[in-house]
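Think of it as A, B, C, D, E and F in the order they're written, each chain with its own count starting at 1.
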Amino acid sequence: MEFAIATAIGVLAGAGVYLLLRARTFDVILGLTLLSYATNLLLFSAGRLAVGLPPVLREGVAHTPANHADPLPQALTLTAIVIAFAMTVVVVVVAMRNHADLRSDHVDGHEPGYSPESEPERTR
Amino acid sequence: MIANAATVFLLVAGCFFVLLGSLALVKLSSFFHRVHGPTKASTLGVGCILLASILYHATHGVGLQPRELLITVFLFLTAPVAAHMMSRAALSLMDNRPKDPSTTPDPEGHIRDDADERADQRERERREDAEEARRKTGTAPDTSTGQ
Amino acid sequence: MRRRLFPSFPQSITVFIFWVLMARDTSPGTLLMAAFLAWLMPQIAARLEREFARLGNVWALLPLGLRLLGDIVLANLTVARQVLGPEKRLRPGFVWVPLELTNIHGISALASIITLTPGTLTAELSEDRRYLLVHCLDVDDPQAMIADLKRRYEAPMLKVFP
Amino acid sequence: MIDIAIVSAMALVGIAMLMSLWRLVRGPTAPDRILALDTLYIATIALLVLFGMYLASEVYFEAALIIAMLGFFGTVVLSKYVIRRDIVE
Amino acid sequence: MPRHCEWFTGQPPMLTLLLALPFLAALAVAMSRGASRRTIAWMAAAAPLLGLALLAAMTPDVFAGAIPQSSFPWIPQVGLMFTLRLDGLAWMFAGLVLGIGALIVMYARYYLSEKDCSSRFFAYLLLFMGAMLGMVLAGNLLLLVVFWELTSISSFLLIGFWTHNQDARQGARMALSITGMGGLALLGGVLLIGRVTGSYELDVVLASGDLIRASAEYPAILALVLAGIFTKSAQFPFHFWLPQAMAAPTPVSAYLHSATMVKAGVFLLARLHPALAGTDLFFYVVTTAGAITLLVGAWYAIFQHDLKGLLAYSTISHLGLITLLFGLSTPMAVVAGVFHIINHATFKASLFMAAGIIDHECGTRDMRRLGNLRRYLPWTSVLAIVASLAMAGIPLLNGFLSKEMFFAEALDIEQHGGMRLVVSIVAMLAGLLGVAYSLRFVHDTFFGRGPRALPVEPHEPPRWMRIPVAILVVMCLAVGIAPGLIVEPTLKAAVDGTLGAAAPDFKLALWHGFNLPLAMSFAGLVGGVAFYFGLRRLFALHDAMLRTWGRHLFQVNVEALFRAAARFTSRVAAGGIRRSLFWMIAVVVLVAALPFIGPAGALFADLPAPQPMPVLGWMLWAILVVSTLATVAVHGRRLTALIVIGAVGLLVSVIFALLSAPDLALTQLLVEMVTIAMLMMALNYLPKQSKQARRPFRRWRDAALSVFAGAGVAGLAYAMLVRPSQTISGEMLARSLPEAYGSNVVNVILVDFRGFDTYGEIVVFAVAALVVHALLRWARLKPDEVMPGPPVQLPIPADLTQLLFPLALTVSIYLFLRGHNAPGGGFIAGLAIAVPVLIKYTLQGARAVEATFGFDYLRWLGVGLLVATVGGLGSLLFGLPFLTSGHLDLDLPVIGYLPLASALVFDTGVYMVVFAGALLMLSTMGTVKHRQRAMEETR
Amino acid sequence: MQHLILAPVLVPLLAGSILLLLERSHSIVVQRNGAWLGIALLLAASLALFARAATGEVDVYLLGDWPSRLGIVLMADRLSALMVLTTSLLAIPALMYACAGWDRRALHFHALFQIQLAGLNGAFLTGDIFNLFVFFEVLLIASYGLLLSGGRGERMAAGMHYVVFNIAASTLFLIALAFLYGLLGTLNMAEIAVRIREVPPQDLAMVRAAAGLLLVVFCAKAALLPMYLWLPDTYARAPAAVAALFTIMTKVGLYAMLRVTTLVFGEDAGALAGFGRDVLLAFGLVTLVLGGLGVVGALRLRIGAAYLVLVSAGTLFVAFALGEPGTISAGLYYLPHSCFAGAAMFLIAHIVQRERGAVGDRLLDPAPPMPRLTGMLYMVAAISLIGLPPLSGFIGKFVLLEATPSDDTAWVYAAVLGASLLVLIGLSRTGTRLFWRTEAAAEAEDGDARDVAAAAGESPAPVRKVRGIEIAATLLLLAFGVAMTVAAAPILRYTQATAEQLLSPGDYIRHVQDAVPSLREP
């Protein structure tokens, strides 16, 4: 099981990195999404893998790590998911504005071959 | 014992329908054929499994607590609507969709032969493949600098 | 007064049942909470929605529900046959089903029912809301199918949503 | 026996999910893929419920409920996009 | 090396006041911009005059061998003391700085024209004077460096005073660059000295010469300090900045390049003589540099056509001479060096001022256009000729005396036999060339034919412009005729200050009898005259143009530096985001891989066996992996990619669920839904497809890096997963119920154990919503593709939402209230109600929803944050830390047992923030085009 | 007093939330007053915290009253107090400058500004590594808002770069934390420091990899070679007031680097003692020189100012990586200096840009005339940034060189002095080009300006009047530098004590471990 999770994380991370390095904003956003899946899974599994031991206490079951998965990484991952979402939202909006303002969805704001001298400054 | 048997029966039925729904998805040849599978069979299958669960928890757990009914209710409420939306999406892609009778005088002509739809489907696939091929060779029409 | 306190009884009841089911508990506290929500939720909904469904004979739903259950199970078996069998034998097609129902809730319910019953699928509602476009997986006589639909499902619906 | 049934049921649901995956990857049209994703969501409900039975636990109820209640949201949004290119009009 | 220090030691006010005067005057002058030139000049002159008076008051002590000091700590812990110290050398230099400074102020008052802003000029000048004074008075090497650099800065301002003049700008920059470089080197050298001696106090350093010379750092110290000295004193090969600096107003040149700025270098050479001199290395390096400079300067001086250019090169030459003398290092050579500093200052200052007068009156300094000026400017001519003769080293003038001492010392070199001949020949040649350029100055300006094509008829300048020149020329004569009387005490004191105990006993006299130096002087005189007239005839001096390579090289190099830097920078920065990311990931891969390179296989050595994997697991694994890879494969077709990535997200939450994390599964599911919705909205404003770049190399390179990164993460993850865990969460499980009253430990961690994380998290969420709002509120976005026709009606699904909404709200409240004990909580509940509202937006349209659902999300966001904060702060009332949860068990009559945790208030804040934030984001994104349309309509 | 440590985080957060409520219904004046009230309270709290820390007190605050290993701790030692105070001081001129008008144009400016401060202070005060991550995110997301709100065009492209890079770095942060927690089982930094000593040998390589990733994150945020490429564009395109505040952003990475290397990889850390130090030193030196080159190559003042941030980051890396008490102390003196001087340069660049109209801050001949005052401000800032005496830059530089250990002297001296020379050359050229009026310009002033504008494809922007408050903000920043120069001795005494405190992490750990909850069992 560890092998499966590790390889899944690896595939997600690798795919994420590849898309992160693409030239178009949307691809980069996809890459970041995949990367955050990988990261969340990794952070979550830092508490090790346990099947069927949710950290919800029940009567009659001793409140020990033997009966419950490590709750701490779960809480951390929850925070990480939310933060990753917030960050994704921001990138998405910046990408929208980038495309609207610069008329290109290239991550650098202009198509390859563009040189900054040839174009007027458009910053305010 | 009877409860167990009933549970197992429900599970078997549920799995059968769930599988059936997915099989339809794989096997059938066009969207409007496929969509029948999951929206009905899978929904029913999951419904069976939910019943099995209620039964199981009632006999093996704390007692009859039919919470899963809520899931069933929601599922049966939302699944048809989802199917409806997807169908509308598919219709919107059809070149030759059935004409709206409120804008066409003769409602009798509204039965449409499936051959038309198949032709549509083939046409669509051909276009997508062509698109794909063009994209691969890097000669895609410039869509990124939309004004 | 009643309308202001309980804008929609069916909704209140639904919420009440919902809460009790979810809480898995019938203690006075839970029931009180359920009652509170049963009062509150329709209030909120009333602010958001233009109109609540005006119900006619709700009891007509009961036989309809039972029939539907049976139909769903039976017809799923039909679909199983259709799916497992050769696809060539199918005679699919779109049919515009004219509606007598005018209440949009009724139409929605009918559309869902049509979708849930196998072999048919509601694909679209015409702009004047007087026709449903139904896709049939296997239809040889569209008119018969239309009549069947109207008899089995639209008629009881007309009672519920007059 | 019932345990075996549950475990096999889970495996069967898994197979159903694999079949949906095939349609998801294969397409060819967007509605086909949306349909596949929708089917995956529905199968997930089954999976969660079965898992709850397997563990005799009720902690998966909420997740299943959420999928049943809101899982069609993805389908709605994606379909609306296909119809209008604009999901909030 | 902290040293205990009193606030003030020694004679407090005098030295400090002396140093403060120019700065105070500079401030006063700068403030009085409206005042007349006359007033300003008087204010400016007050500083050097008062300073001279103070100096005079201290003179008896200094001549008696006392060293007045004052010291107060600036940064004592690193040895930077504000120590001032007035020994003989400092006294002499202070006198030069103030005396000539006073004359320059007088001169400049008439020199400056109406157009020049005189308050600015005098402020700069006084600033420079103060810096110079501070440098000579500094009793701490670091303090000396401070003032040293200040002279560079203030001279930069002075040289560039006429900012409109391209030469002035360039000259100023060149001077600053070269001397600034020297200053930095000097700082390094001084720090090394401090490291060796343990103190920067001059007393200590000067007493530690042997220690320094014996230390391993000595070569480095010498190199760095000499770099400072040579650049400042314009020694070869750094000499070229000085002629460039002639673009300054003439009073500036007269001040900076006769008595002060360039003398700072030789001052330091004298100052540190006891500490650094006395080694072969010192001898050879300094002597050689001095000798070359001496000759190069003199040679170039002859070929200048600009009066100030000639003077500048001659200054270089004389500085070379002084350097050479200090290089020789014998006590008498030092005496000669110090003596020549004084002499050069006097005659060169007067010559610069004379040149300034000529420039002022004739409108040109080009000797090719000048000539016969003795007819027009008789007085000025006399003064200038006398000063030139002093420069040439003619007897009865001061220049002669120090030149003779130089010849004598050259002939007297003992230790380095081979150098005696070389230095003597250099001395001879230098004497000869010096005569030649002096002659050229005199002859081409005051005699011969001319002047030609002058814009004005030249006549004598105002008297007050001539007086400073006259004073200096009289000094030249006085020193030349009666050195013993006039200058000997000063020189003695200065040499004492320079050499300390090692100062020799000497007598200055005009006549030393017939000896070899005199013969050399005579030969030089004759040879120089002959050389000049010979050159004139043979090489047509007027046409000759010598290119100074140093300057040229500098300019070429600096320009090259600018160009190279610009090119390099732009090339490095040109890669954009992808290069940034590529490098970061590459570094990451490297850093993570490096620890495993040595001990191969350490990653997986001796690890326990992994847990078994059920078949279902493999199926889910396959779905996850396939859909991930499919996302990559179809990423160019964006809608498809979004659908496929939806499956990835679903599978991730399934994994969370199966691996015992129901809260995570719920959160992931809900976040996934919202994310998809958001991406769809964005997609409407982005191209539908990716343009495919035609660069397979890049694709392969990125793919390779991705494989490395993925494999690396997988390897590390596996190695971590199979290791036993040693976490503190056992205690959390144990204390969750009794102390935090919750059985969903994850939620307890979120709102209690680590509530502060959640607090930060909702702030992030809220700000994300604000950012979306801020970026899209007034944005002009156009959908990439607009479908024809009116908005589509979806009555059937819309009807469903009407049914769904109250139920969803109920579920949300349930999730919120039960979250402490079952999966759920504020965050999940917030999204669970945000999503149905979103569905309403999608199915009913934004306008319909906002009409009925009139929420001000922004305000809710603020309220939510406040509620969370206040919920956390509640515990402060009980003296408990932020976010401490309280607990109240109510046993109410009808309702029964009701446990209340105060964390619920905090969680309510979370609930509100998440709901309002999510809706603010999505409604802003969803309604962009409405505002767009509204804006267009109003236009 | 016990709760004082909360104030630097909570005060701005409360201010931000309240400002959010005020935004719709109240005028900009009310918002500004609210913002200033928040800043005043924050400054008071920071000063009080600083005064406490200066006595050697280390405050430990157990959030939620949980023992440190279970909950999150806030810690205020000398270093944290110094960073918090620097932030508060920097915020004043930044806000002054923004109140000259930018805050009207940038939606939510005041709320974002306050939250940014809260994020910074939270990062400086937390003693928990995951909480550090959270506050990194708070300050980053607020910085995205500040950078982009009210902007358009090229600024969006720069923002894209900044946002994507930082998100990638944050992702990496999480990965590092996952491994650290997975291997060490704790998030409390003091506890990590304890546990890292007892790592079994077979886990060492793993821990090294995780620790390395963590350091890479900090280096990326602090713009260390080769991960600085995001910085120049971002900083050069940020609104002036925001760029001024951003000068402390790279310092957060440096702070984290310093905190972690001294606390976790200190001398007691066994096999991991001194981890990464040599590499950081080497890369810091190269960063320094490349930053200097960037200043030389800059064709616009703002780009130059952005590279100056890089120079300061490089210097600080060198100072901290050398790891001697003296160098750390020098670095801690240099840190606020570089914030203030760098911020001043950004403000000046913006003033120049506006005074010159269409030409902006480009180094073009001919230069339109500039007010003398701007030139003077520039000169003071430049002197400080080059490190020429007598201003704070010089002091920071020579104190650093003074404390450099003998073994590293050659490289450090060469790089630090060489970079200073490059900066000197670059800034003197910039200054002469921008402020020294040429004859050509005087003659053909209008015509050329129009030509330049035409070449740039813009309509000549009207030269806008610089407002008094903007000058005042710049002057205040420069005055901070002068104050640091005059009070160098006491400040260096403080930083020296800080360095010693940092280099004996045992005390820090003891403080954390000795902290007892008020009510709960320890």
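The definition used in the following text is that contacts are C-beta pairs under 8 Å (C-beta built on N, C-alpha and C of every residue); 3 or more make two chains touch, one makes a residue touch a chain.
The chain list, named the UniProt way, goes like this: A = Na+/H+ antiporter subunit C; B = Na+/H+ antiporter subunit G; C = Na+/H+ antiporter subunit E; D = K+/H+ antiporter subunit F; E = Monovalent cation/H+ antiporter subunit A; F = Monovalent cation/H+ antiporter subunit D.
Bear in mind that the values here come from a model prediction, so they are computed numbers and not experimental data.
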item	value
Chain D (K+/H+ antiporter subunit F) to chain F, fewest steps along touching chains	2
Chain closest to the middle [Cα centroid of all protein chains]	F
Furthest chain, CA centroid comparison against chain B (Na+/H+ antiporter subunit G)	E
Chain pair with the higher count of C-beta pairs in contact (B-D, E-F)	E-F
Separation of mean Cα positions, chain D (K+/H+ antiporter subunit F) and chain C (Na+/H+ antiporter subunit E) [Å, integer]	22
Euclidean distance of C-alpha centroids - chain A (Na+/H+ antiporter subunit C) vs chain F, Å	26
Interchain centroid distance [CA atoms averaged], chain B (Na+/H+ antiporter subunit G)/chain F, Å	55
Multi-chain contact residues (two or more partners), chain B (Na+/H+ antiporter subunit G)	23, 35, 43, 67, 70, 74, 77-79, 81, 84-85, 87-88, 90, 144-145, 147
Shared-contact residues (touching 2 or more other chains) in chain C (Na+/H+ antiporter subunit E)	18, 22, 111-112, 122, 127
Per-residue overlap in chain F, given as positions that touch at least 2 other chains	130, 134, 137, 141, 144, 148, 150, 152, 160-161, 164, 168, 175, 178-179, 181-182
Sites on chain F touched by chain A (Na+/H+ antiporter subunit C) in the complex	130, 134, 137, 141, 144, 148, 150-161, 163-164, 167-168, 170-171, 174-175, 177-179, 181-182, 187, 237, 360, 456-458
Interfacial residue positions of chain E with respect to chain A (Na+/H+ antiporter subunit C) in the complex	576-578, 581-582, 585, 610-613, 617-618, 621, 624-625, 628-629, 631-632, 635-636, 638, 641, 645, 648-649, 652, 655-656, 658-664, 667-668, 671, 674-675, 678-679, 682-683, 685-687, 690-691, 693, 702-703, 705-707, 709-715, 717-718, 720-722, 725, 727-730, 732-734, 736-737, 743-746, 748-750, 753-754, 757-758, 761, 764-765, 767-769, 771-772, 775-776, 779-782, 821-823, 827, 921, 925
Of chain D (K+/H+ antiporter subunit F), residues touching chain B (Na+/H+ antiporter subunit G) in the complex	1-2, 5-6, 8-9, 12-13, 15-17, 19-20, 22-23, 27-32, 34-36, 38-39, 42-43, 45-46, 49-50, 52-53, 56, 58, 61, 64-65, 68-69, 71-72, 75-76, 78-80, 82-83
In the complex with chain D (K+/H+ antiporter subunit F), residue positions of chain E that touch it	614-616, 619-620, 622-623, 626-627, 630, 639-640, 642-644, 646-647, 650, 653-654, 657-658, 662, 665-666, 669-670, 672-673, 676-677, 680-681, 683-684, 783-787, 791-792, 794, 797, 804, 807-808, 811, 815, 822-824, 828, 832, 835-836, 838-839, 841-843, 845-846, 922-923, 925-927, 929
Contacting residues of chain A (Na+/H+ antiporter subunit C) [partner chain D (K+/H+ antiporter subunit F), same complex]	52, 54, 56
